[in-house]
């Protein structure tokens, strides 16, 4: 079963110790490494809990009743957390609270992980500059983290997560406080990261459909569907109460289908679909 | 070079190795921050209270007496360095308060309204017993709170022993503050979500 | 070039006090305090006050020190009044105002204590005015203090602004809900919990998240690159040993004074 | 009909160069959105509208009465505020008590309070969890609870700061319906938002702030019909417009997919 080239979750269930109800029920899912996986669902779906298990926060820092198995390529958060943690970047929902709490400047904050890993000083300089450029924080490098806006803080949190060049990046709703431009740029930027498996929780269904290779759809702690965005969105059931991307709404109302009742979910698919209709 | 650095670090500072979990290490600065802000808040409202040990109480309740003691200690160090240098010496009092709250809490003396009152008196006694010698050494027995000091002046004006006068001055002020803080801590703790209490308990 | 160092501080001229390391400054404060406890003649105390004041004036007089002095001034005045009137060893009258007599012994006793307090304030003011939080943190780490402990001591200075921001936000929000703390004592007391409960839960939630991310970010790993001190310091180790030994001697001396009183 | 009128209002912070200046702004439409980039002055305007912060010059009139003259109790009955972060306001032991507490600031009859609390909890769909600790709720539930605390008081004017943030899809639908319902009941509803799709689909009037000044006032279709202006104030058009112009080369104004469909099925 174990395949070093993919992410696999096998019959995963979890109940927090302070809660009598299970948050995740027998979840099984797979996805290839180095892909972008969007995790969608409403509140109480278990998205944050799933992220915590993938990052090893559960069971290493939060207790509860965990069963089943998780494998991220060759690593497992439940069996070999320190090794996994070396190669994982994680962004929590509340960006302000994931600052180290001991940094004068944004530059120091980004350097924190590298210092912890014993990276040489010249390399630190280089990487901090590079990451700040990618996330448009160059102008803020000398400012105190406490002076940043919500969106800038989220970008800083992401910078600290990717500065170590992790093989796995887990992002729990990273764009909620960004403005539309920031959000668009962020999702575009995700697609250019290479050799990294990205698991991202987000309510931005339009953006996810543009960039994700796969979607995992959670409803009340159960994984009710997984597949490409095209498959998952076209197979939505009304009682799951999931929003649909505007491309899909438009195509469906205009009856621009990709054949056999499949409607496009992102701009590229829509363009292809209209191109095909035009040429036939 | 780096290996060398780690070696010397290990050999020279073994005595500083305290077994504190990362959760406790982040709880303590938060508790100190709460002390600081609560005190400023009480001053802003012009309340005749300090509230400056609320965070220490909560740290003790959430993560045990050691966490409370360290919170109290660091609180007075920071306070002493930034605002009032002499209050550094009262760090001994704060350490004791942290320990007493932690022990009382673990023994169930914060479980209902009546028991909290008993706890508050014990805490105030502890605080006064330890603060009195410090008051005598640094201020000739005063506390710096006008009406407490008026009491003190009246007592030694009537030739009552300086130790008794100073203790009375301190205790009268302590009992009010410690009772209020104990009840605040009791109500706030009851309101904390269970996941929070569990997190600090699991990660001690 | 060095993007992680405050470029402004880089440019700024280095002052003489930057050659003294933070630990030496703290030990110096302790040393002066102990001296004032061991040797009580008023002239000696006054010269110590002047010495520490000179240190302060030659470096930077911060607003915090001025505040601390003004805060203590009230206490010093009441101390002089109370001890001058009621000190148990009062014998020789100093002067009288109407029927109230001030005594020499009590006055001297209060003056000695006031001098000590000023020495402590000035010496600590010197330490605080001439070091920054990050200089202290870096220095402590560079001399081998475990990072966890450095974090414990220093992070509150960085977290505090965050908590204060949260406090003012919460106060605004609760005011919008109708909490009006301006009037009676009862209203004030009733406004405490609605402000403190959200503040404390938020603060603790942030420390839970911080503890999670610190662990994910490799906090306190053995391979951590030790910080390098901000400035090259002058004979740091030597000063530490010298001052520590002298302080221990002074403490021993004081203890002996106290014990011999009972013998 | 409630009318809000701002005359020659200005506000600047002592610690920064930023200055908010509004010569004239009248809000009589029922659903008004305030938009603009970070630092454009949205939050400052919002704080002035709460009445908890006074402008340095000028005045804000509500039905011709100066906002600054309202007593605290009248202010509560006039303006209700839903903040972006609901956890800053919660402090009661249960969801039910949280709502009751808000209402008890303006209402003393226990029976009235109990009835009203039950009613608004049902409106926001929190009846089943009324005995839970507010801090045990999920983020969308907390936000709905904070909305319920304002609904219970039933003020004339509702201010929403970024209401869509941290809501999931069903609760976004619920809150949007609620806001529309309030507007139909002749309440003035004002929201700060940066969600252009939601804005285009929901609001009848927009005020655009940039550098502390009002740069546009009018209907969404009018705003998005001026691409240079939209760009100059740092906004983006609704997603449907970029999809349609991207794929079909059609750069006309569309507010929602349904809007496009409506305009294209008529011919």
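Letters A, B, C and D mark the chains in the order given here, with residues in each chain numbered from 1 onward.
Criterion: a residue touches a chain if its C-beta (ideal position, glycine included) is under 8 Å from a C-beta of that chain, and two chains touch if they have at least 3 such contacts.
All of these numbers come straight from a predicted model, not from anything done at the bench.
Judged by contacting C-beta pairs, the busier of the interfaces B-C and A-C is B-C. Separating the centre of subunit B from that of subunit C, both taken as means of CA atoms, is a distance of 17 Å. Here the CA centre of subunit A is 43 Å from the CA centre of subunit B. Centres computed as Cα averages put subunit A at a distance of 29 Å from subunit D. The residues of subunit D that reach two or more other chains are 91, 135, listed in rising order. With touch defined as above, residues shared between interfaces to two or more other chains in subunit C number as follows: 151, 155, 159, 193, 197, 201, 205-208, 210-211, 214-215, 219-220, 223, 225.
Within subunit B, residues 2, 23, 26, 29, 191-195, 199, 203 each touch two or more of the remaining chains.
Taken as a graph of touching chains, this assembly is complete, with every chain in contact with every other. Contact residues on subunit B toward subunit C in their complex (touch as defined above): 2, 5-6, 8-9, 12-13, 16-18, 20-23, 25-30, 32-34, 36-38, 41, 45-47, 54, 58, 62, 70, 74, 77-78, 80-86, 88, 138-140, 142, 144, 146, 149, 152-153, 156-157, 159, 162, 184, 187-188, 191-193, 196, 199-200, 203. Within the complex formed with subunit B, the residues of subunit C that make contact are 64, 67-68, 71-72, 74-75, 78-79, 81-83, 85-88, 109-110, 113, 116-117, 120-121, 124-125, 127-128, 144-146, 148-149, 151-153, 155-157, 159-160, 163-164, 167, 181, 185, 188-189, 191-193, 195-197, 199-201, 203-208, 210-211, 214-215, 219-220, 222-223, 225-226.
Against subunit D, in their complex, subunit A makes its touches with residues 41-44, 93, 149, 151, 176-177, 179-181, 184, 203, 205-206, 241-243, 246-247, 249-250, 253-254, 267, 270-271, 274.
Listed in rising order, the residues of subunit A touching subunit C in the complex are 55, 57, 60-61, 85-86, 88, 90, 92, 94, 96-105, 107-108, 111-121, 124-125, 128-129, 141-142, 146, 160.
In the complex of the two chains, the subunit C residues touching subunit D come out as 166, 169-170, 172-178, 180, 193-194, 197-198, 201-202, 205.
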